[in-house]
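The structures come next, written out as structure tokens.
Across the two complexes that follow, chain A remains constant while its partner is chain B and subsequently chain C.
Right after this comes the complex of A and B.
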């Protein structure tokens, strides 16, 4: 009888006490920190510009056709079966993130005059988990960066925030990374 | 019977003590895990990442605003661009919990120091590993701020092993801008500039024939003794083009604030129109 009471109390207390992120699971904070550092490093590399030229990240935005690309285990393919080519972002993701089995999205966010945001998916592999990390980098676009402004606007939906000056828009590139 | 009742109470008390002990141990363990997780998050260098992003985009914004406003001459266009940029940055960073602010400083004439300010680095390397120079212009030299012969501003070209190939000393000689040019061994000549403009690659200065076939470094010495603009363009040894042009500087202050703590507060002189190689 005494043994039953003791065991009962132990079971009750173990169940009542929260044993939260103790194990090395996908929810581990260290893994989140590693993903964040990895994402920051990748965006830093992509946004590096030399000799006064556009950074690779900016070039990828300027070359974007507005389609949403998904990884199909060999290439990034859009809904219209177009393959994402000439993209430094996709090349880097293929080299660094894909072999590690890390799920990822890359989105371009613009802030509208009313304060609302418009999110435009560039690379989309599904809804991120609760433990996903988001790393973001701001990229400035000017009219002089864009070859064909009406075409760029109609394809991507990124509009000219100020038509009176060379300022075009500020893009918040958001990279979301998570372990599956 | 009484003795058995007392034993039962002791067993119950023991069970409660064990239960409380487990709770205490678990709370301690959770605290340890929490502390280690907090430590792991602190290793993320978010400030450095955001700082580099803010400096990069702000520098680019100033360059674009400057070029789009006829070298800053159209202040309405220049300020409108920077206002738009600043507003978008404020809105964008507010979503991440940051308060961004940019103090839009006025355009200033530059000294020939490294950062363009009067108290900047006096002696500095403008460009190294140069293969050839296509254009090397100095303009708007200000006689009143130009040092005399003992405080002269010097442009020096050194070859790969550090020996001087060509140099020009610019100084104020009784209100006249005087340029004293020499090569490795001898004086090439003394010249004057009434307008404050010097085209260094002109034949009379013999810059090109003294640097031909060399890999060289262009240095400015005593930069704080002269104000003006300069433009250098050419090719590096690796075949890449270079182009450095400084007409104005803007001493811009950028701030990023989060949770009431000042995360970033830096004032950086930005060279316009083109500070980078």
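Right after this comes the complex of A and C.
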């Protein structure tokens, strides 16, 4: 009997303490909403195509060399010490997100035939926190967009999903934002 | 026997009641102190609403694929009207009523150059809660077709 009461009180204590207003679901709702607006805006701006041209986001995927870039407080640098240049995504992140001190990852996801997902990190700054916000945008790649298909395939790992048609692959650009 | 408390069971029950009441108070005290804390909930919501209104309606170039593409002429018009007649702009956005009155400050900063291209509204107060929403937009010059990326900041207090 005593044991049941004690265990009951402990269970109640553990359950009750998770309901404080400092829990992420209540106090940080505005911050999460702000990050979501910011992220969605950035992807929309990047994916805006001007009069039939490729969008900046698509160009960045096509120009990608397959390396994982990390912010070193001045530039995005890969493990092989290459600096990320000619990338609208990195320019916009540098101008908007970095001065605010918001940590960010940008990943390219492909959904495979079996339904599994392959995630390729483009900009990676570490594991996101529990309150991270993810926004995404789909980008369609066609065979005709890519200049050297075998090179692009070997460098990035993004493969031709349908070799019989002009369809190359559908990339889910996933941006994760969180407060440090 | 009957007129003596059963030490173990009674003690446990009383401690359990005590702990339950402590937890009850703790889970509600945070709510008790909320009115004294800094709270910018309502102004943040108003700033959100005004920024959405501006970006997706008033200044919008009505591009279905890119909701945050702005028409440069409409952007200039909005800032001119607001600078000429701040009061009617406040009224138009529903910030002025007989009981409550809010002020705003709206700026449009060019991301590439870092210059503040447009600004309107009152100077920010030194103290008090300010709600802020930032939107990243593309401003399209209607004559040249040139597009520039900008940061629209809406602050309400």
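Operating definition for what follows: the second predicted complex is superposed on the first by the 154 of 180 C-alpha atoms of A that agree within 3 Å, B and C clash if a C-alpha of one lies under 4 Å from a C-alpha of the other, contacts with A are read in each partner's own complex, and residues count from 1 in each chain.
Basically, contacts are C-beta pairs under 8 Å (C-beta built on N, C-alpha and C of every residue); 3 or more make two chains touch, one makes a residue touch a chain.
Since we're looking at a predicted model, the values are computed, not measured.
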First, second, both or neither for A:96, with chain B first and chain C second: second
Partner chain(s) touched by A:38 [first = chain B, second = chain C, both, neither]: second
Partner chain(s) touched by A:137 [first = chain B, second = chain C, both, neither]: first
Chain B versus chain C as contact partner of A:9, first or second or both or neither: both
Chain A: partner with more touched residues, chain B or chain C: B
First (chain B), second (chain C), both or neither touched by A:30: both
Residues of chain A at both interfaces, chain B in one complex, chain C in the other: 2, 5-6, 8-9, 12-13, 16-17, 19-22, 30, 33, 37, 44, 47, 49, 51
Complex contacts: residues of chain A adjacent to chain B: 2, 5-6, 8-10, 12-14, 16-22, 29-30, 32-33, 36-37, 40, 43-44, 47, 49, 51-52, 111, 115, 117, 135-140, 142-144, 161-162, 164-167, 169-170, 172
Complex contacts: residues of chain A adjacent to chain C: 1-2, 5-6, 8-9, 12-13, 16-17, 19-22, 30, 33-34, 37-38, 41-42, 44-45, 47-51, 92, 95-96
Complex contacts: residues of chain B adjacent to chain A: 8, 11-12, 14-16, 18-20, 22-23, 26-27, 29-30, 33, 37, 40-41, 43-46, 49, 52-54, 56-57, 60-61, 64-65, 67-68, 77, 80-81, 84-85, 88-89, 91-92, 95-96, 240-243, 274, 276-277
In the complex with chain A, residue positions of chain C that touch it: 8-9, 12-13, 15-16, 19-20, 23-24, 26-27, 30-31, 34, 40-41, 44, 48, 63, 65-69, 111-112, 133-138, 145, 147, 149, 151
